[in-house]
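In the two complexes below, chain A is the common chain; its partner is chain B in one and chain C in the other.
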Partner chain A sequence: MLGTVSKQLRSHPALIPLFVFIGGGCVMCAAYLARLGICSPEVSWNRNGNPEPWNKLAPTYQYKFYAVNLDYSKLKKEGPDY
Partner chain B sequence: MAHPSQLGLQDAASPVMEELLHFHDHALMIVLLISTLVLYIIVSMVSTKLTNKYILDSQEIEIVWTILPAVILILIALPSLRILYLMDEINDPHLTIKAMGHQWYWSYEYTDYEDLGFDSYMVPTQDLVPGQFRLLETDHRMVVPMESPIRVLVSAEDVLHSWAVPALGVKMDAVPGRLNQTAFIVSRPGVFYGQCSEICGANHSFMPIVVEAVPLVHFENWSSLMLEDA
Partner chain C sequence: MAEDIKGKLERYRTAPFDSRFPNTNQTKNCWQNYLDYHRCQKSLESKGVDVAPCDWYKRVYKTLCPISWVEKWDGQRDDGTFPGKI
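Right after this comes the complex of A and B.
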């Protein structure tokens, strides 16, 4: 199948940018889903070893993908210590 | 506030709204350029006497009109995502106010230091004083200190409402049984108007929001006066 595709690409090079951008989109979707599964504090894969991951967050933990203006290392814990 | 025959967004009164304004200009400029190009192409295609029956395909133009739109979309997406993340950032608020939606008025609670709460009903048209704005004024305004990060917790006591102030770039749905959080900083003193933004019954259009931003000293005087009156 790859042989057919590469033969068609040689005669129709306009398909290459299409593959690049659609492929890029698919990669970004997969990366987002993977990030949700791995980094989301609400996801627990191991019920015995890691039962409540949301309880382990430090106030300086960067849970957002991109920090524009916020310096996470300067955040302090709000609320009482248990 | 909005004025008659206004076409664009209201003047920004908060840093987030400034960012949104600039982004809107950026996106609108791109849209205008593309529309002008398309219109020009349509007119030139329709008004030409040339005919060509033998072109079947062209790889070069296909490459150009794949890459160029993708680049344009990325140029729109990157500032948009930046503003999205900026709007979500925790900003260590100095004051927390609860805005509760009712049918058909808002009530505000300032409970950080003392127990201050009041209702905010629209001023009926027949009771307006010259200089006031029809369907926008309220009997009690939500007064906030300027240049301070404010957190607003929005909820509702009966049906869905939505707390919105366009000049501050803020809109948050008021859902009964749910607490939604939004935050803003008012960059300049002034009075900023908004209206309920979720259909909530007969008087949905008649429960406006008025935010008055004043220097901190004036805010402290106002809250003392309101506590005495209560």
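Right after this comes the complex of A and C.
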């Protein structure tokens, strides 16, 4: 199948940008989904080893992308340790 | 530490901003504080220390959680069917 595609591409080289952009889009989608699965603090893959990943964050962790008028560096842990 | 918590409890107005739960949906915030209160009680009781600091979590969950949820969870804890890990 790859042979057929490359033969057709050689006779119609104008199609190469199509592959580049579609391929780039697929890579970006996959990368975003992987980032969500790995870096999101709401996701736990290992129920026994990592049951509540949001509790491992610092109190100054900024979850939102843009903070309008909240100074995250001044936040502290509120509750007592136990 | 205990004095800070007593001071904080005296000046308590409402649940403070928690960066773990920044969005409008505060369900998890309520759940987490309910769990934290009971875990704190269990942990400090087993150490033989005064459980008063745990009241911070109790105030926060009482602020955030609907009363029906709290009653349901209390009933589940008594029955032994509570889904969370305490």
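For the reader, a short list of remarks on this structure follows.
Everything that follows uses one rule, which is that the second predicted complex is superposed on the first by the 58 of 82 C-alpha atoms of A that agree within 3 Å, B and C clash if a C-alpha of one lies under 4 Å from a C-alpha of the other, contacts with A are read in each partner's own complex, and residues count from 1 in each chain.
The rule we apply is simple: a contact is a pair of C-beta atoms (placed from the backbone, for glycine too) under 8 Å apart; a residue touches a chain by one contact, two chains touch by 3 or more.
Note that this is a predicted model, so its numbers are computed, not measured.
The larger set of touched chain A residues comes from C, when the choice is between chain B and chain C.
Contacts of A:L70 after superposition on the shared chain: both chain B and chain C are touched. In the superposed pair of complexes, A:P17 makes contact with chain B only, with no contact to chain C.
By the touch criterion stated above, A:G79 is placed in contact with chain C alone, chain B being left untouched. In the overlay built on the shared chain, the residue A:T60 is in contact with chain C alone; chain B does not reach it.
In the superposed pair of complexes, A:M1 makes contact with neither chain B nor chain C. Of the two partner chains, neither chain B nor chain C is touched by A:I38.
In the superposition on chain A, the residues of chain A touched by chain B in one structure and by chain C in the other are 64, 70, 75.
Chain A meets chain C in the complex at residues 41, 51-52, 54-55, 57, 59-64, 70, 72, 75, 78-82. Across the complex, chain A is touched by residues 57, 59-60, 62-63, 66-67, 70, 81-82, 85-86, 88-91 of chain B.
Of all residues in chain C, only 1-2, 5, 8, 16-23, 28, 32-33, 36, 39-40, 43-44, 53-54, 56-57, 60, 85 touch chain A in the complex they form. Taken in their complex, chain A has these residues touching chain B: 12-14, 16-18, 21, 64-70, 75.
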